[in-house]
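Chain IDs A, B, C and D follow the sequence of writing; residue 1 opens each chain.
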Amino acid sequence: MKDVQNSYDDRKIPIQKAGIKDLQYPVVVLDRQNKSQSTIASVSMYVDLPHNFKGTHMSRFVEVLNVHRGRISVEEIEDILLTMQDRFECETAHFDIRFPYFMEKEAPVSREKSLMNYSCALLASLKKDDGRQVFDRVLEVGVPVTMLCPCSKEISEAGAHNQRSVITVRVRTNDLVWFEELIEIAEGEASAPVFSLIKRVDEKYLTEAAYNNPLFAEDVVRAVATRLRADQRVCWYQVESENEESIHNHNAYAMVEEKKTNDE
Amino acid sequence: MKDVQNSYDDRKIPIQKAGIKDLQYPVVVLDRQNKSQSTIASVSMYVDLPHNFKGTHMSRFVEVLNVHRGRISVEEIEDILLTMQDRFECETAHFDIRFPYFMEKEAPVSREKSLMNYSCALLASLKKDDGRQVFDRVLEVGVPVTMLCPCSKEISEAGAHNQRSVITVRVRTNDLVWFEELIEIAEGEASAPVFSLIKRVDEKYLTEAAYNNPLFAEDVVRAVATRLRADQRVCWYQVESENEESIHNHNAYAMVEEKKTNDE
Amino acid sequence: MKDVQNSYDDRKIPIQKAGIKDLQYPVVVLDRQNKSQSTIASVSMYVDLPHNFKGTHMSRFVEVLNVHRGRISVEEIEDILLTMQDRFECETAHFDIRFPYFMEKEAPVSREKSLMNYSCALLASLKKDDGRQVFDRVLEVGVPVTMLCPCSKEISEAGAHNQRSVITVRVRTNDLVWFEELIEIAEGEASAPVFSLIKRVDEKYLTEAAYNNPLFAEDVVRAVATRLRADQRVCWYQVESENEESIHNHNAYAMVEEKKTNDE
Amino acid sequence: MKDVQNSYDDRKIPIQKAGIKDLQYPVVVLDRQNKSQSTIASVSMYVDLPHNFKGTHMSRFVEVLNVHRGRISVEEIEDILLTMQDRFECETAHFDIRFPYFMEKEAPVSREKSLMNYSCALLASLKKDDGRQVFDRVLEVGVPVTMLCPCSKEISEAGAHNQRSVITVRVRTNDLVWFEELIEIAEGEASAPVFSLIKRVDEKYLTEAAYNNPLFAEDVVRAVATRLRADQRVCWYQVESENEESIHNHNAYAMVEEKKTNDE
């Protein structure tokens, strides 16, 4: 059979990314507490395509993924990217994976345990640059929290509007950082953390905690940024907070991003 | 050209719905305040298919819609359904349309005006039944509101968790009911309404109003149901409240439905 | 602390469903081939609420779920529903669960193995009715397939438009039916099945298979219905096909539903 | 009332973006054929916040939008951004707007007219940089098309798999470019355009046209890029194609991006 993808292309346009997007795939990811956990990922894999080749062989992406079936870790991902460079004879390989991730949390007073879900991602690439390999990796966590408005509290006789918010933290690091650490930073800097199971004593505690810790979206991204700025392992960070305002049908948003000057 | 759809089918299986789904289409809907407003709808149109016909002519749905291009109202929809019965030689025609709908609202204290968006729908069908035509029509509104938790308020020294919620009201009526009326009922029975533009005096007012009107999801669906039960024009209603809990990453939900006994 | 939810309500409006919606939770479901598989579910749990009670204790739903942590099967679900009736002192309990489900499939010619994902759900309820318990359970599978248009093939000199479609099958049964069986019926009646990994020999095979098996959305729902009508274990079925038309930006849709007369 | 947002913040962390996200708002956009069309937009507006200010006044964004109520055009957007800089005393203002956009198209043979919907966006910012104002604006169109696989056609005896794809084109320009122009480029370079209404003669024409014009995702992004590279008005472009593969449940993807060297 003719290999159409291997045909010559004369348009002189290199393609930065060609590949597969949003393949659903079961994975096992490293877990600080239980060593590993099973989850379901949405996987995207891309390679660059030199200007003289017509197309990419899409089946090879899934073959590479199948070889590594089972475990996704930082080490595995570098290996996957190397295999992609090799199989596709390309300069740059991209591997993006996004999955729900669970932590067992204890309610603050009753100590009832339950599973809390977070939205995590690993966005990685490997690029040949003048003979050396440049590996890039972004860890991302999406952390649901409670945010209580300082303005509403200040001006009102009683109460204050509050809402579910999602804090998204993305980091590049020069050393191991667990998803759990980023999650704990985000939860620790919000008005209050959220849980999937709380009893009345916890609800009292969390209501009062949030009321005593009013924060704007701007405050929480600064507080998380302050923590990441002080962390020597973190070279770059981006922090977003999106508050699903209980007094509006649109969201309040704040974002701060910093590339540390020592990151060279 | 051969008309494949008109072929004979011998499997003896009538099809309840065949048609098109989620066509995006600009429409003009009736508006209590301004007579009409332009919006963008997602339209689905189906007919039943007798067991002996192979397929439906999908292009005819869009032709019917094009003829009525411009206005969508209760009268238009009955006419669209009649045209569908005629063009498709069918017993039952379905026309479902879903669109964002806007009302100009005044903030409660500052009187600042702004546009508030709601998610509205009309779900209609016309069925030949023993020689007579049975028209069925459901009006639906999705209304974002503030809901404040009575339990959290009762047990906490200060504050109370609250959140954005969506109240969905569906009704069958024997007389004209405006979307605006259903929206106002839902907003009136929630802990507080939401606005797209409020000033500090309004934020104080709304924070205190919600704090003074704590309601469970169960309370608000009962309150809305009480209003609809008393409305002679309403033959059937379904009321849902989905609270995007600020203390959880999952939602609290309540639903009540009633078909009035006089609806025969 | 005061139990606000237990307060008396005098509005005389019973609530059909009160509970939690869209809780993310890891589950283990039965698997015909491997006994079990780990996946991530979206869980909703509701109970009815008599007219004289103000509210439901939302934390109890998650407690019930935690007790059964680990396994979700038909037997487990009945047990969960019984526990819900007991804990909430209610008449009716609902348990709805939706999750991605994977099967290992072999490509038709190369025999390459890969994992294919399907969207599955179990929608169950248990209701006390005049002293006896009525258990209701719907199995649902969403199966992506290839559909090729008979009209386009018939009238064109070469080629035929085809597209990804999703066939949704829902059944009530009086005996064990595996998700895998419903998936295989849907894949077997489409123009062709889809795979996550195929080689060129498979692509040739599947392209020709689809071209030789042109079907309307109406055809495939009838074909699946014919199979389910003949299956003695199935009491009720609903079959939908939604074709993501490659020649339109809207979808073609067909639905057939039948409650068998022996289902009394 | 105390102006909490105006408080001093001592954390020395400037915020790149603070504002509102996903506000639904009716807009009127310029239309090449009919001068203007009404549609519904999702609007996000952000400003930067110096390190010494605690928060942003969220209501001012909606006030700015309300003043410009009615028309959204390139000129209006620069004006909105200037007003934002002024009202918020900020260096950088962002205005992002996303909306369905319609064009009336004629079917290729029958000449039947119908409305086709596209997903359009304008992403704009204005930044004070050493005393001068830097205006940046990206136009984006999402264009549904038919794509037919060259490999499948080459290796199969008859037929070829094809699917709905979305081509996304983003450009920065130094002169007026209409959304309609970008849409026409994308439709012209795909295997075939799609329509909301076609008759059998058109279906024959489009089926054969696609079969005679097989293209990979990689081909179509190169073809569109070639057109944009030759257009003197375009300084930068990014072209994506995402094919909703009819033989897979995941998508094929290609992306090419170029900043022209004359763009200084």
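Everything below uses one rule, namely that a contact is a pair of C-beta atoms (placed from the backbone, for glycine too) under 8 Å apart; a residue touches a chain by one contact, two chains touch by 3 or more.
Please read all numbers here as calculations on a predicted model, not as lab measurements.
Student: Which chain has its C-alpha centre farthest away from the C-alpha centre of subunit D?
Tutor: C
Student: For the homomeric pair subunit C and subunit D, should the interface be classed as same or different, according to whether the shared residue numbers exceed half of all numbers used?
Tutor: Same: when the shared numbers are divided by all numbers used, the fraction is over half.
Student: If you tally the C-beta contacts, which comes out ahead, A-C or A-D?
Tutor: Looking at contacts between chains, A-D has the larger number.
Student: Quick one: subunit C and subunit D, Cα centre-to-centre, how many Å?
Tutor: Each chain's C-alpha centroid was found; their separation is 36 Å.
Student: How many Å are there between the centre of subunit A and the centre of subunit C, using C-alpha atoms for each centre?
Tutor: Subunit A and subunit C have C-alpha centres separated by 30 Å.
Student: Indicate the whole-number Å distance between the mean C-alpha point of subunit A and the mean C-alpha point of subunit D.
Tutor: Here the centre of subunit D sits 25 Å away from the centre of subunit A.
Student: Could you tell me which residues belong to subunit B and also touch two or more other chains?
Tutor: 1, 23-24, 117, 151, 155, 196, 198, 200, 204, 249-250, in rising order.
Student: Could you list, by residue number, the parts of subunit C that touch subunit D in their complex?
Tutor: The touching residues are 116-117, 144, 146-148, 151-153, 155-164, 192, 194-196, 198, 200, 203-204, 206-208, 210-211, 244-250.
Student: Going by the contact rule set out above, which residues of subunit B touch subunit C in the complex?
Tutor: 1-2, 4-5, 9, 11, 13-24, 44, 46, 49, 54-56, 58, 150-151, 154-155, 216-219, 221-223, 225-226, 229, 242, 249-258
Student: Flag every residue of subunit D that touches subunit B in the complex, lowest number first.
Tutor: Of all residues in subunit D, those touching subunit B are 1, 23-26, 37-40, 59, 62-63, 66, 100, 102, 112-115, 117, 196-201, 204.
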